[in-house]
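Both complexes shown next keep chain A, but they swap its partner, so chain B is in the first and chain C is in the second.
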Partner chain A sequence: MKTVITCKGNNQKAHFDLRFGRAGWFCLIDDESGDPTFIENDQVEVTGGAGVKTAEKMVELGVQKVISGHFGPKAKDLLDKFNIQMVMIDDDDQSISKIIARLNK
Partner chain B sequence: MPRRKRLRKVVAPPGFKGYRPYGNAQHKKQFVELLYEEYEAIKLADYDLLNHLEASKLMGVSRPTFARIYESARRKLAHALVETREIRSVFGNAQLDGTWYLCGDCHARFTIPVQMTDHVCPICRSLEIEIIKTK
Partner chain C sequence: MPFKIAVASGKGGTGKTTIAINLFHNISKEVTPKIQLIDCDVEEPNDILFFPDAKLNSAQPATQSIPTIDNSKCTYCRKCVEWCEFNAIVVIPPVGFAEINSSLCHSCGACIVACEYGAISEKPEEIGTIKQYSIDPHGIISEGRLKIGSAMQTLLIKQVKQQALDDVDFIIFDAPPGTSCPVVETVADADYIILVTEPTPFGLYDLKLTVELVRDIGKPLGVIINKAGLGDHKVHDYLSEEHIEILGEIPYRREYAAQYAKGDIFEKIPGEIKAQYKSIIQKLLVRSTSYEGDNHFKW
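What follows is the complex of A and B.
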């Protein structure tokens, strides 16, 4: 199963990003290989449609679970349609490694 | 002009296309159309054992409207049983709703897609989850 966590930087010490469409980076975790990979978000600076574009990207990546702080209505609809689980958490001062540790507990 | 019909929220569509009676002598082609919202009303009231007020809030309609949907559902089912009619599920005035859940332990909010069978919190695997309405 593939999981994506939105984050502010490209390493495990980076903090969690509350935004979905305009998050700096995506941390992709594949349950089979185990190692997290980081993907840069090219939608950070666009003026509109970032959420939808990002949701489309999640579908392309074949992700089953997305962890972020907030999802916009359009992104929500799209992720719902492709049966991707959305998880919203509020702690933005946590590092990615801590969240991964919570997931694997 | 009549007042417009509000869409009723349905968490999950019924897992069947219909039910057909068997063992009856003559084969009748008549059928009863059970709407998605009627299936949902039966499910909320008689399977999840909610009271009508709670159930009506989940479906986004008033309590009296919920009672009307529920009554119509019961009458259709009784009609189908007594007159050995086939039951077909029909979309009706439904709006499929992605329901959000709240974890009681870590306060994460999340959705559970249809194909997922285990109802646990994705972060801490807690079973203490409850339904919230954000949409």
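What follows is the complex of A and C.
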């Protein structure tokens, strides 16, 4: 299964990012291949539609679960359509490695 | 041709509506019955509230053309996605998904031009209503009312402005607050712009932004200081430094504000406020006649 966690940097020490469409980076975890990879978000600076575009990216990546702080209505609609599970965490003080550890428990 | 005045302000609540309807009321009574007020504050068109006897002449829906994608013709080439400036199109080739999000679409039509397979066509979608009223004894008020949930203010304002009449002497545009696209659209056709401000730090901050905007568009402007007597002198200092004309100052009166809240804005107007409007209108008349050159009005 593929999971994405929104984060502020490109390594496991980076903090969790509460924003979905305008998150700095995406941490992609593939259960089969193991190591997490980091993908930079190219929608950070767009004037509108960042959430939709990011949701589109999640579908393209074949992600089944997204962990972020908040999902806007347009992004939520699209993720719902493709049965992608949305998990919300409201604490951006934790590092990505901590969230990954929690996922693996 | 009418002389077109736009009433704008950066900050909300400075008194755009108050000034616009008072100018409309006083000009129609004392200068010319041929006047039209166009309420371009389409998110809350309040001008008509002060004219409870207004007679509705016409009401028509305003629409936006929303493109839709025909999945049977779409090849998922994503050319339309690349052309869309507003990120409104989602095409996901591996899953055969193609959809246009109407709340992000600005109806520019680029995707229709982009599509080489004729898979995109447009359908009208309602964004609001445009109404026109007759006011007793004189004057016309037109307004646009945005449908709740629509974000197409600027497009609606563009359509409301088409209600402008040719056979009137004055048109007053009541602008929405702020300095963004809807305001630019409202003031774009005006011959003269009145900026309404209040003598407070908030009023001054937003006034500066709006002055910059109006100067950028290259329109003549004058300022009315509403709620004069409140706050400080910094608005006056700024205006004199920038050599901007003060058309008038409407003093702050609590009782008058209470009357406004009840809708009785044309009743028991304090003498000093009446005098201010009279002098403001005189200045506007000078502006309008000098603007029209020899073709001055026949009232």
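One rule holds in what follows: the second predicted complex is superposed on the first by the 105 of 105 C-alpha atoms of A that agree within 3 Å, B and C clash if a C-alpha of one lies under 4 Å from a C-alpha of the other, contacts with A are read in each partner's own complex, and residues count from 1 in each chain.
The working rule: contacts are C-beta pairs under 8 Å (C-beta built on N, C-alpha and C of every residue); 3 or more make two chains touch, one makes a residue touch a chain.
Because the structure is predicted, anything quoted here is derived from the model rather than measured.
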Side-by-side fit of chain B and chain C on chain A, or clash: fit
Touching partner for A:65 - first (chain B), second (chain C), both, neither: first
After the two structures are overlaid on chain A, angle v-u-w for chain B, chain A, chain C in degrees (C-alpha centres, nearest 10): 80
First, second, both or neither for A:78, with chain B first and chain C second: second
Touched partner set for A:2, first chain B, second chain C, both or neither: neither
Contacts of A:15 with chain B and chain C, given as first, second, both or neither: neither
Which superposed partner A:98 touches (first chain B, second chain C, both, neither): neither
Which superposed partner A:86 touches (first chain B, second chain C, both, neither): first
Partner chain(s) touched by A:50 [first = chain B, second = chain C, both, neither]: second
After superposition on chain A, the shortest CA separation from chain B to chain C (Å): 16
Intersection of the chain A residues that touch chain B with those that touch chain C: none
Residue numbers on chain A that touch chain C, as the complex places them: 43, 46-50, 52-53, 55-56, 59-60, 74, 78, 81-82
Chain A to chain B touching residues, read off their complex: 65, 67, 76, 80, 83-90, 102-103, 105
Chain C to chain A touching residues, read off their complex: 86-88, 90-92, 94-95, 97, 101, 103-104
Footprint of chain A on chain B - complex, ascending: 98, 106-116, 122-125
